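Letters A, B, C and D name the chains as they come in the text, with residue numbers starting at 1 for each one.
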Amino acid sequence: MTEKISRRDFLRLGAAGAATGVLAGCTSPRRWVVLEPFVRPPEQQVSGVATWFATTCRQCPAGCGVIVRLMNGRAVKLEGNPEHPLNRGKLCARGQAGLQMLYHPDRLSGPLLQSTRGSREFSAIDWNEGINRLFQALAKAGPAVAMLGGATMSDHLFDLFSKLLAAVDAPPPVIYDLYTELGGYRMLAQAMGQVYGRAALPAYRLAEADVVFSFGAEFLGTWTSAVRYGVEYGAFRSQPYGKRGLLVHFEPRQSSTAVTADDYVAIAPGSEGLVAGALLRLIADGNLGLAGRAESARGLAPSLDVEQAARECGLPLEALQRLARRFADAEHAVAIPGGALAGSSNGMHAARAIEALNVVSGNAPAGVNTTPPDLGLARKSLNAFTDVQSLIARMRAGEVQMLLIHSTNPAYELPEAAGFLEALAQVPLVVSFGAMVDETAVWSDLILPDRSYLESFGYEVVSPDFGSPVVSSQQPVVTPVFDARTTGDVLLTVARGIPAAAAAMPWDDEVDYLNQMVAGLPEAAYPASTAEEKRARFQQHGGWWPAPAVAAPTLRPQPFTVTAERATFDGNETDYPYFLHVYPSVLLSDGRGASLPLLQGVPDPMTTIAWQSWVELHPATAERLEIRDGDLLRVTSPHGEIVAAAYVTPGIRPDTVAIPAGQGHQDLGRFARDRGSNVVQLLGAALTDEGGGLRWNGVRVALARTGKRIATASLESKVGVTEGLGYE
Amino acid sequence: MFSSLWWRVGRFARTSPARLFLLAGVVVAGALALSGSAAPAGTTQPIAFNHQVMVQAGVQCLFCHNDALRSPSPGMPSVELCMGCHKTIGAGRPAIKQLADYYARGEPIPWARVNYVPRFVYFSHKVHLTAGGLNCENCHGDVGHMKVVEPVARMSMGWCLDCHSKQTNAPQLRDCVICHR
Amino acid sequence: MSELETRLLDRGQSAAAAPKTELPSHKWTMLIDLDKCTGCNACVVACHVENNVPIRSEREVIRGHGQHWIRIERYWEGEGDAQRATFLPMLCQQCSNAPCEPVCPVYASVHSERENLNLQVYNRCVGTRFCGNNCPYRARQFNWFAPQFEGPITEMLNPDVTVRSGGVMEKCTFCVQRIRRVEEDALVEGRPLRDGEMVPACAQTCPTSAIVFGDRSDPQSQVAQRLGGQREFQVLEHLGTAPNVYYLKAGGSDGGAG
Amino acid sequence: MAEQASLESPVWNRPLPDDPELAAQVREIREKHLLQDARPPREVAEKVLGPMARLGRVFWLALIVLGGLTATWLATWAYQAYQGMGVTGLNRTIMWAPYIVNFVYFIGIGHAGTFISAALRVLKFEWRAPISRAAESLTVFALLVAFTMPLIHMGRVWKFYWMLPFPNQRQLWPNPRSPIFWDMTAIFTYLTCSMLFMYLGILPDIAIAREKASGWRKRLYTVLALGWRGTDREWKHLDTTLNIFSYGIIPVMFSVHTVVSWDFAMTLQPGWNSSIFGPYFVVGALYSGVGAVIIIMAILRKALHLEYFLREEHFNAMGKFLLILSFTWVYFYFNDYLLPWYHKEPILTVIFRLFTSGWAAPLWFTMLIANILIPWATLWSRKVRSSIPALVGVALLVQVGMYIERYLIVAVTLGYPELPFDWAVYVPRLPEILITLGVFAFVVLGITVLSRLVPIIPIWEVVEGQLLQGTRRIGRAIFPAKTEAD
């Protein structure tokens, strides 16, 4: 395939293309423009005609299928893979920006060595030396090796890492990153385990739903599989007239999901569970809705005083009653737990309460009920924050000789209170596989840059899957732009030197490994007779999925109890008058997008601000504190403080301030460095009541003006959109 | 000297205003004449390639420029394609040796452009050869009799429009979107 | 194709007269269902990538030089705490009666009778910015500085789209390069265009399929089918610019709670 | 001609009446009216040519300062062209502002010159004689500057010639539907006419200067005089030509600013697309123009010691002009507000509120005070009109007022398009400021230099006027009157 173009030719092509491309525009023709033919033309390469390759998006853990448009060996456009069962040809903003991951000017070319950590003085070494150092360190450390990975790490890489670690009897990799924590992936899976007996990420079918209650889940922005939910939402809205679905959204802040909802209820932070409980109570007591609903509700409804609950949530009782009736009367009603509740102390309680609503309406989520046929493929399982804490403890205790870090950025993503960096100081050797120098790489000794996902092989078992299991394939679409090497090959090379590992990992490179894995897959939707064809089709179609979506067996909910717990918050009301609402930015997600100009420079949908980070305030709050847009505020929580610019918006509760995650990088390339502030620094390391998640939605903050201002880089005219024509 | 020149001009002009305007006219005309642009000059190629020999040997345009029918760009032959024949044919000649060296080094041959349209003009060989019903010769001249290929036309907008205006569906073919996007 | 090849191969000096293919003209139309728009910005990024639209730095954005061919305009509805945001994707409306065209002194902003589009011929533009002033939608974007694509980012530039230099006006073209590509293919294959064959980058990626694109003159096309409904409206219709972008009103709330 | 007149009873030594009372009257008339106060032609010529050649320290100082500013203008322009238009304060909503404001303003003051000399010539107001050329020179330089403004404003100025109709290989022509095309045409015509008009008027004076001058001036004038010898035939031709021009130029003048107003009136921008803009712009132009002429007159009078030529009567008359134009302008201006205020088109209401109570209020009220309040309050009184400092003060205020008025129309109104999302405010940045300063400097510089190169007072017209003037006695009173032509 494209592997056939030698790197040199590709770069020359690229160079020539780039040169003309930029000179192009409206400048006058240059006689000296040079035509450079291929030395050996790659197959299916017609100059001036696009070729397409299918692979998998790795901008977030969802695993959408993408197809890449190539012109003369250069990737010029990403599009959703229309065949892919998950995203069906669609793609989100972050997915579209993926090409800049590939062509980022600050990507590392070749391994780096850092003499003193944090000095940012790297010395380039060649790959053999880099791999040797890794090998020796690994041989020396033996079982005292630890691995910290992120959810966007391809499953095949996870498999290789686990095999390698197992071979040296080290504990398995810890998979944790801020994105999945903010999405509540692990917590929700656990909740599903308790409700339905199978711990898997739920996927809610909106297409046929007529009423959807979303409890803070920003499923149209960032939550779990935003693209697929977008597709579902489209279908949900275009149902025949009269059956146009009704979407009700509960969240303290107007997210883009809240905006598109028919009813938006600005509930008090952490009260999602309470609302759900109250709804159950009302359905049970009021004997509402279709046959059987009230009965099942009676079995589940927690004991609570509805009026008081309504007061606590911050919406009138009659509104609550109407909503309860709405939900109970709808024949296909769906309740979605997600968003901020995942980080509340009472997250699990809330999740159960909300899932109980689904039990009442008899709509179990997809994804949980699909039991995929045994694919013989390893797949990541996310770890809880507690696992990270124990890893940190081991590091502090000096039990970790060597730490491997791949596709996660703990130095940026973990709250200071977690004490990661202190613990890191106790680790003799830290190896980062980051493609760019990020905050963590700065605190590591050896960087072995991995290739971007558009340059490397892999597979991803899609999760959440919407009914049918999907294995999404990943293949290189261009010849590598930089002298990076796929971590898979690096690991396999290292493994050869370690007998146990060599036995466990008998493949000569990751392509070989992948072929073995694919060979084992059952029959797919597309015809493939020979094993060879199977592999080819796997890559051509962009993955494996069974012919007809296997009919989901109806789930039997386990017996479980719903309790109405109040959320707890750090900091007392007098010193810290405002709730802090943290949310992943639609564009920068948890901060991994901050390195891409395409995501930095595009205005955020709610504030139309680009390149900056901000604090969203209610006008009343702003008036009280005499704050204008752009005023730099000192935001103080019991755990830390940051300085961020104010943005006054009616789209938030007066008792709450909201700060998006994603900005405030010290590193991660020229486009991310030194912009805005990192909200994580306001968080503590406290845990949720159950499930051992990070309690990131449990902090109150105080605001103070610093007296400084910055100009807001927003697209909108604030006067225009707020006063509009009534401007006087 | 300069002042004396002024004096002469003065005297020349004094005799009648008409003469002064004449003077001005001459200057302007000269300026306009100079402002005209020259036709593209010859280009030296990295290898002394001779189209005439190839064509007389019976090699067709499409054999080397084999993308012309399926792509907007005619396609430059890959070094591999050249070597396909020249491994044996004329292997001894200096030019072929150069070619072989490029192939050995795995380097593309940096051919200099001969026929040029600016990058903001989108010309499709495919369309002109198929739906357009044109031949290579119509734009590139009789390459078969050129030792060194030279452009036969200055490929300016007017040149394109002359032909487009002659077609039956001229109004549509004169639409800006046909070439600019 | 074979007879064609023979014709080309016999190197006959007299070019066979062009086959009289009457090129069909189209009414390209975009339909944006505000009930489905979630403001996710996928269209914006897709457009940037497809059309080589430069990303402007923070300093430039602050100075009002932000440059997007399609943008999500966010307005507020209602009063006080009942205020709700609404999204209005704004792009060149491809007016049939475009205010930008007559004012351009050099025909850089011209109407394509063939595609019924407003063209912006970048290489003809001299940058008087008259068109930009006269566009009531402010859909036209001026290159206040020459665009900068750093390092390898130049390699993702789309070769089908001109890279605009500084001092030039640019705007949404309904992905005219894609339109031309499918048309040229259809022409070569001697068949009419199929509905759905031509999809601009924004419509292609829109997760909720809020953006629908097609040829209105083909009564079977999806847009033609969906036009003329209750919710249909056009932005600033009263100005008589006759846009080719139609919007569908959002379904709205049933008198929300809280 | 002077010679012929001097044969019998040369006007400049007509005896005073013996009666002392009548003599006093005659003396008074003579010092009031330039044309009554006849002197021998040579002396008149000397009064003009003398100071013209004497280049004092002040002149050189002015030359350096103004030249410096002009150089800054050109340098800034080069910088802007190299860097891109982004160096200005313009933004994605307000794509026009600083240069177009200057453009409209300078076209405006360009109007007065030709208006005064051509229109007053047609109307046979002899007293205008000494003013006309200063006014014309103002026109020429103002138009030159105005002509550069659209170029400075262009994103790719090096392609400006695409806006001119000339045969080219692209088979493309400029767009006749675009107001800009007609701008170019009208201004170019107007500029050419004004230059020719002025040059023709200068010819005889150049010839006079040629006789008197020596050295490089001599050579220069020899060339410029185009061999003028002052034969009757030449005089006849000159007179006819000037008449033709005077009649021809007036409609052109009206067309120019009307066309300029189309740049705004023919858009969809609320506050611009108003049918009254044509006449409104013309009147506004004359208003600011006459003010500018007053200032130039005062400066020249001081710099070149022209007290003999530019007298109270001239300033007084110009003052009256200014007042009348002020009335007319106000009429149009409030027409332009009355209707919006009546039909309450939303955006116009926004803009109106913005002017009356928004951030633009200070500008707006300054404009009203400078353009209406002060002129109306002062110019009615003859004392003010005839005191040069006072009148110049008012004229300066009118300049400020009219500049702000153009600024409000172009730079502020444009910030409020139909969709509130795009509203914006324009804040000038250094390049615009430097360029604006530079062009003002250039105009003054041009007139300064010109006034030293050619007689800035039309000698022959003054002499001619003096020859035709006399006095008539009715009873015990003496009145200025035309002498019967001999």
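The criterion applied here is as follows: a residue touches a chain if its C-beta (ideal position, glycine included) is under 8 Å from a C-beta of that chain, and two chains touch if they have at least 3 such contacts.
Predicted, not measured: the structure shown is a model, and the values here were computed from it.
Legend note: the chain whose CA centroid lies nearest the centroid of all displayed protein CA atoms is C.
With centres computed as the average of Cα coordinates, no chain lies farther from chain A than D. Separating the CA-averaged centres of chain B and chain C is a span of 33 Å. Spacing of chain C relative to chain D, judged by their CA centroids, is 47 angstrom.
Look at where the CA atoms of chain A average out and do the same for chain B: the two points lie 53 Å apart.
Residue positions 93, 156, 172, 419-422, 424 of chain D are each in touch with at least two other chains.
For chain B, the set of residues touching two or more other chains reads 118-120. Of all residues in chain C, those touching 2 or more other chains are 66, 73-75, 122-125, 160, 162-163, 165, 168, listed in ascending order. On the side of chain C, the complex with chain B involves touching residues 1, 4-5, 7-9, 11-13, 15-23, 25, 110, 112-115, 117, 119, 121-124, 160-163, 173, 176-177, 180, 184, 187-188, 190. Looking at the complex, you find that chain B touches chain C at residues 60-62, 69, 118-120, 122, 124, 126-127, 129-138, 144, 167-169, 171-173, 175-178, 180-181.
Remark: chain C residues 60, 63-67, 73-75, 88, 90, 99, 102-107, 124-130, 132-134, 136-138, 141-146, 165-169, 235-236, 239, 241 touch chain D in the complex.
Within the complex formed with chain A, the residues of chain C that make contact are 33, 35-42, 44-46, 48-50, 55-58, 61-62, 66, 68, 71-76, 80-81, 83-87, 122-123, 125, 149-160, 162-165, 168, 201, 204-210, 251-254, 256-258. The part of chain D that touches chain C in the complex is made up of residues 83-86, 89-96, 150, 153-157, 159-160, 162-163, 172, 174-175, 177-181, 184, 263, 266-269, 414, 417-422, 424.
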